[in-house]
Amino acid sequence: AKLWGGRFEDGVTDAVERFTESISYDKQLYKHDIMGSKAHATMLAHQGLMSVSDRDRIIEGLDEIERRIENGKFNWRTDREDVHMNIEAALTDIIGEPAKKLHTARSRNDQVLTDFRLWCRDAIDNMITRIKNLQASLVHLSLKNEGLIVPGYTHLQRAQPVLLQHLLLAYVEELERDAGRLADCRARMNFCPLGACALAGTGLPIDRFMTSDALGFTAPLRNSIDAVSDRDFVLEFLSANAITAVHLSRLGEEWVLWASEEFGFITPSDSVSTGSSIMPQKKNPDPMELVRGKSARVIGDLVTLLTLCKGLPHAYNRDLQEDKEPVFDSVKTILGMLEVSAEFSQNITFNQERLQKALPAGHLDATTLADYLVKKAIPFRTSHDIVGRAVALCVSKKCQLQDLSLDELRSISTAFDEDVYEFLGVENAINKFSSYGSTGSACVASELNYWVTKLEIR
Amino acid sequence: AKLWGGRFEDGVTDAVERFTESISYDKQLYKHDIMGSKAHATMLAHQGLMSVSDRDRIIEGLDEIERRIENGKFNWRTDREDVHMNIEAALTDIIGEPAKKLHTARSRNDQVLTDFRLWCRDAIDNMITRIKNLQASLVHLSLKNEGLIVPGYTHLQRAQPVLLQHLLLAYVEELERDAGRLADCRARMNFCPLGACALAGTGLPIDRFMTSDALGFTAPLRNSIDAVSDRDFVLEFLSANAITAVHLSRLGEEWVLWASEEFGFITPSDSVSTGSSIMPQKKNPDPMELVRGKSARVIGDLVTLLTLCKGLPHAYNRDLQEDKEPVFDSVKTILGMLEVSAEFSQNITFNQERLQKALPAGHLDATTLADYLVKKAIPFRTSHDIVGRAVALCVSKKCQLQDLSLDELRSISTAFDEDVYEFLGVENAINKFSSYGSTGSACVASELNYWVTKLEIR
Amino acid sequence: AKLWGGRFEDGVTDAVERFTESISYDKQLYKHDIMGSKAHATMLAHQGLMSVSDRDRIIEGLDEIERRIENGKFNWRTDREDVHMNIEAALTDIIGEPAKKLHTARSRNDQVLTDFRLWCRDAIDNMITRIKNLQASLVHLSLKNEGLIVPGYTHLQRAQPVLLQHLLLAYVEELERDAGRLADCRARMNFCPLGACALAGTGLPIDRFMTSDALGFTAPLRNSIDAVSDRDFVLEFLSANAITAVHLSRLGEEWVLWASEEFGFITPSDSVSTGSSIMPQKKNPDPMELVRGKSARVIGDLVTLLTLCKGLPHAYNRDLQEDKEPVFDSVKTILGMLEVSAEFSQNITFNQERLQKALPAGHLDATTLADYLVKKAIPFRTSHDIVGRAVALCVSKKCQLQDLSLDELRSISTAFDEDVYEFLGVENAINKFSSYGSTGSACVASELNYWVTKLEIR
Amino acid sequence: AKLWGGRFEDGVTDAVERFTESISYDKQLYKHDIMGSKAHATMLAHQGLMSVSDRDRIIEGLDEIERRIENGKFNWRTDREDVHMNIEAALTDIIGEPAKKLHTARSRNDQVLTDFRLWCRDAIDNMITRIKNLQASLVHLSLKNEGLIVPGYTHLQRAQPVLLQHLLLAYVEELERDAGRLADCRARMNFCPLGACALAGTGLPIDRFMTSDALGFTAPLRNSIDAVSDRDFVLEFLSANAITAVHLSRLGEEWVLWASEEFGFITPSDSVSTGSSIMPQKKNPDPMELVRGKSARVIGDLVTLLTLCKGLPHAYNRDLQEDKEPVFDSVKTILGMLEVSAEFSQNITFNQERLQKALPAGHLDATTLADYLVKKAIPFRTSHDIVGRAVALCVSKKCQLQDLSLDELRSISTAFDEDVYEFLGVENAINKFSSYGSTGSACVASELNYWVTKLEIR
């Protein structure tokens, strides 16, 4: 019989039991459920709502249950619905009568949210560690490839030359904001619902500050209805995950492109590649394709949760049981994405020779040339037009800007002078960049140093 | 070593193996994978690409594997990546050399899509059966509650009286379109990719029409690149599911409202209700709350798949491995929603007395009264205005329209006559409806009869 | 004063008026609203609910309003809320008293859905025309590029050679299913809600079949509550659009890749390219980037509508007013995407020389070589392994398979013979394909012929 | 001719121009575009890249343009693509040559993001103001309804009695976190991209700190590629909006329920209600229905933006032009939702009498009774069971708990004593609550005081 069965005559049908159970996934909360119950029992005893010996038996019983679960010897029962009821019922099986006092001044409504907030708090900590690890991997990759120039793209068309290090540090910047978002989310989430009970609080003399402290929360939530109704803490968490996933999907896309025959920038090692069941020559950058693809489910999980919560009245509705699986899936997925991205970045080699050979194409120095004219006091719009015509000449001649003779250049504008050739060619172009945050060598070296220090590398 | 390992020196890292495996979920395709392999082997033998004895040993081996799987004695191995490789490798373990011929003129790209289309086809058939079952349950509920009048709502404000049967049949109509959408999807999906191989077809003399026929497909897909690249068949399937889920979420919302103390229309039996761990008096309509809530994940699954496919180049990309879990989840969820909705509808009682008592409130007959005036040749806009003023009088007098005296009515408009009272009151109002598709008793009886026949009830 | 103002003393606040108005966008329905009103008036007169002369004055008045709207001389007023009230009020201004009879046996609930279904029906017809046009453009592009071989990709890694025509026809296949989906949606949508009134039908002697016929619907909807409550017809429509959008996003991605310096397959003409405000050399394939990007909003529109409808009770709720903007946006966006994709395909040139030069890389003939071994009676798995080792040899020697000497090949497997060279090289590989739906020249020619006939090209 | 037209021979087609333009919506950025250009020109002059007189003419010209725009006298041209080109070209028309120097060391890539971040910063400030306003309205509503008890619900079933004030303050708590999320987003967003140019920075001697300061940014962004590539600042903004929208949708649902005949808690004034075109008696809470409904588009806008950014390589891609409309729509929608929710809350009256009459139903005091038994040293699980049986007795007797005689109670458990009646009935139950954050009168008064002070009310 269900623990709530007092007023019920019949049990639920099999289909309803299967449909409404949550034990198949919420058992993941067991550690935090036990942690919460211990803090709760300790507080109840401190407040005189339970004897010290009952408290001790409860804590011993919970320890025994935790051991059984971790040894795979705990019998999770679907007819006991969820993790809370499974543990409480097992506790009753083990220690008997005192177990019946544990649920004093507590409802599953506040209990599950205590568990869930604790679980999410740990998940955020894990995620931030993985983010730092990926950042460090990217910084290492930068350190290994000093001075390597790659084409910078806009519209996937070659735009201007950039240092590979500069591009890799762009990802490090993105990830830093991702970590910041999670830290903000953690701070806002870290309040304790325990003691809100069903929705209205209780008349029993509990001490919510005591349990909140014991569980490492900042403070108890101030309003019991808010405490059991809202799910904004997971909505914010999944939003942060979705944004991180989008960042990683862009890394995935870029590295898949780079590993293609056509781009040919990188060669992944065998340890991060897979083959084909039919085409013997294939060596595919699957992990980064999956990083790109799995971003979709992190987005889908967020949509599920937003749609779930939309239009629900206060306080708890059973719909909200569906809040857990999207979170578990989102966290598991993104932890994997972060881990594999770090591994991939540790297992690629840049094809320096091929990159260098490919660089001249695409007129990457055209903007540098326009800046040259600006320095000669030509208004930028006019410079842009002049260089546009020089490029058109190159296209018709199938050559690069540095291949044009001074006469050819001067036939377009007399502002061109002998010193123009110091501005042409990819290496020259790179050397000219000097603005803060630019791809100029000195700027990039300084940034790299910043990150080495910040991430405590070396 | 992986089956595709010829050109590889090293295996993948543990993290990559964990991240890229699909066996944890695609093993669900085992039955259809085996079915496809048998058809393929039979065709290869028929075309002289394999001996008859090899074919027979392959088929026997596959039968043995199917038995082991169904008896829980098959050892699924993550290092063998997916269901295809697990089965092929096990086949090699069992029958040796001939197994190596099975993957002739086939790639995992076309193989998995063959499996997946077969799986989805079965899933659609199951869903249509469940839809019919829910329709039948709603028709039964109608038959049990003949003549029961309930308030019809717009804006959740009482609007006009309707027969409960009429409202229940609205759901039956919705579900009929849901089934139609699935049937269309099935017809468009039922084409065979097998033989498209990696993406380009093959030079070996296979017969794609033979395998297509053997597997019950309409015909082979006409273009090998299309065959392995597109996922529109699952996008369409999940779209259809999402629409059905939205329908069911509305049923869920409505029945949760009806089960509330405030509406009090229905009493669910204990067998479809659950209680509270803290509040002893609670009896909650959880299954319908979860029906409402789970619609969110069916929507989320669709978003995952749309986002996944967006912007991928042809042909196969590893991202597409992620196409399966959303489909499995969507199908499982919606099958449960349909089943539980049917069970719930079989386990509720309408509180006829309470309903009848509540009906007079809300001026449900106001529109009937306006129609009365139209019949007296008052333009509708003027009628609407007159009745509006009559309602205002009722509000100030805290009474219903039928409580107004003829004098009071005539003080608003002289068009009112003694016969007006035949149009007032909820029963009178219901009896006046006569248009096709309306809630008039005769119309509804005819519709109910239509569905009883169509669904072969009784 | 509002037309529904009878029982109201005060008007709404400015903020509420601004927030609840729909005239800023639903005026797009004017043509279908007028069409519906004419059919309705004609029916009312036929049924004796209105005089013939009133009917004629109403129709003349509506014609006058339509002229004013199309000449930009109609004064849309926010205080008249929506397109229906604006037109009805203007009709009253123009023809006086008879206008007040138009809304007999009609509610805005059924009226707006009649308009909206008519609008969507037209939109679907436009979309199908645009789809056919894009298909025809792709077939034309195929005809212009007979015999051109391009690398076929999986995982964006070179896989096997394919005819460009074969790849283009894959898109034609996808689009054909897109059109089929729309046609199914149109058929399921084409039922008439008019006469369902607020939600319950009416007691006035209307003829719903007459209006349904006049407006080209298949039949009236059978259930008045269903008629005004459900939005599945637009959910299905937006789902179909989302799937088409995903298809086009893949085309967009592919063509953006092809236009890159690195792939270099195509050169778009100036007429479909744009430049940069800073980099004078840039020529970007913006239209196809936007085709890819705009797919996101078509997906977003679907999500909006699904989320909107989730969990709403029957019948009409004001939330449903929000059903129109996502549909208008989705249709406008996708019509543009189809149009621009067709224009782009008409304005690109394939760089045949460069393509040919790039083809040897990537071991595109490896699978053909494995099939060669299968024909020599080597089991496929063994063949795959042998060729894998041959590729590994090529990688270490930095050469292609056809560059290996027979001795080198035979050092890997003695099954190789002199005739192996007939299977190596990209042209040889293409010529070997023969299966139905493959990229073999004869197969592709036959398919191209099929589409030329079906689309009535030339 | 386009400003970037140097290397182009032909203009784009009409369809491409229509499809790629952004001026129809990005003109909303004009004020921030002009602000940015002034800061940029000032910096250029300070750095010697422009004369002081050119700077002054540019600033005067920009002022003139701003005036024209605000007076509706500016001619926005689609052939000039976007807000930046329209303003720059107009500037050239007005002041001639000096205008050509404005785009020095700037690209549209960094320019638009500067504009957009400034726009979003203002939008966040507006949103926070509206949130505070809604919070204040809810606190005012609390102050007006001191002591009013309403049923608290879980599963939409009556659970425990709560003070209306307590429930209203739950919304205030939610909104406080919403504001906090926006503040965090603002802080993370407030960095300046200007000077990142196309993607690589520049070699011209600009001072990015000067423009950053002038525009009120915290600092320039540290990496030029990151600066022009990422859109996480709007993803975070739209996520925050979506969460707020979900909160408001729940308020909408709740108040729609409360305004129903069945709940009957509130009567909205005419100024926030609307009527029906057919049913004269209707008075609908449309604004709150639309608040609920419009949450869907705020969610849809987020999905659009997430899907848009997914899988894009660095740096700028034209897809990203599509980032603006979802943001504009999301902000406009949510500002309206906040405003109307505040107005609605200012225009409702609670039906105290009716509420009081309805309270006895639902056994709202059952949990208080269980706590009573706990105080008598009965373990909670046992208490829960005892009270469950007492409720079952009430159900069979169709009475409330307080109607049971002591004998009846003691027949279930001898722990019941005369003092039990101090715990029964709704008022008694409310008075018993005492835990921090509970609905006890003293707790709620203290919280209300907290918010009155914090929001500076009275």
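By written order: A, B, C and D. Residues from 1 in each chain.
The rule we apply is simple: a contact is a pair of C-beta atoms (placed from the backbone, for glycine too) under 8 Å apart; a residue touches a chain by one contact, two chains touch by 3 or more.
Source: prediction; values computed, not measured.
Which listed pair repeats B-D comes down to matching contact pairs by residue number; over half match for A-C among A-D, A-C or C-D. When the C-beta pairs in contact are tallied for B-C and for A-B, the bigger tally goes to B-C. With centres taken as mean Cα positions, subunit B sits 33 Å from subunit A. In this assembly, the C-alpha centroid of subunit B lies 23 Å from the C-alpha centroid of subunit C. Under the contact definition stated at the top, the residues of subunit C that touch 2 or more other chains are 3-8, 103, 109, 153-156, 159-160, 197-198, 257, 275-284, 286, 289, 292, 295-296, 299, 302-303, 306-307, 310-311, 317-318, 367, 384-388, 391.
On the subunit D side of its complex with subunit C, the touching residues are 2-13, 15-16, 18-20, 84-85, 103, 106-109, 197-198, 269-284, 286-287, 289-290, 292-297, 299-305, 307-308, 317-322, 325-326, 336-337, 339-340, 343, 347. Remark: subunit C residues 151, 153-160, 256-257, 259-264, 275-286, 289, 303, 306-307, 310-311, 358, 361-363, 366-367, 369-370, 384-388, 390-391 touch subunit A in the complex.
Subunit B makes touch with subunit C in their complex at residues 3-8, 49, 92, 97-105, 109, 152-156, 159-162, 166-167, 169-170, 173-174, 177-178, 180-181, 184, 188, 195-206, 208-209, 220-230, 232, 235-236, 239-240, 242-243, 246-247, 249-250, 252-254, 257, 292, 295-296, 299, 302-303, 306-307, 309-318, 367-368, 371, 374-375, 379-382, 384-389, 391-392, 395, 432-440, 443, 447, 450.
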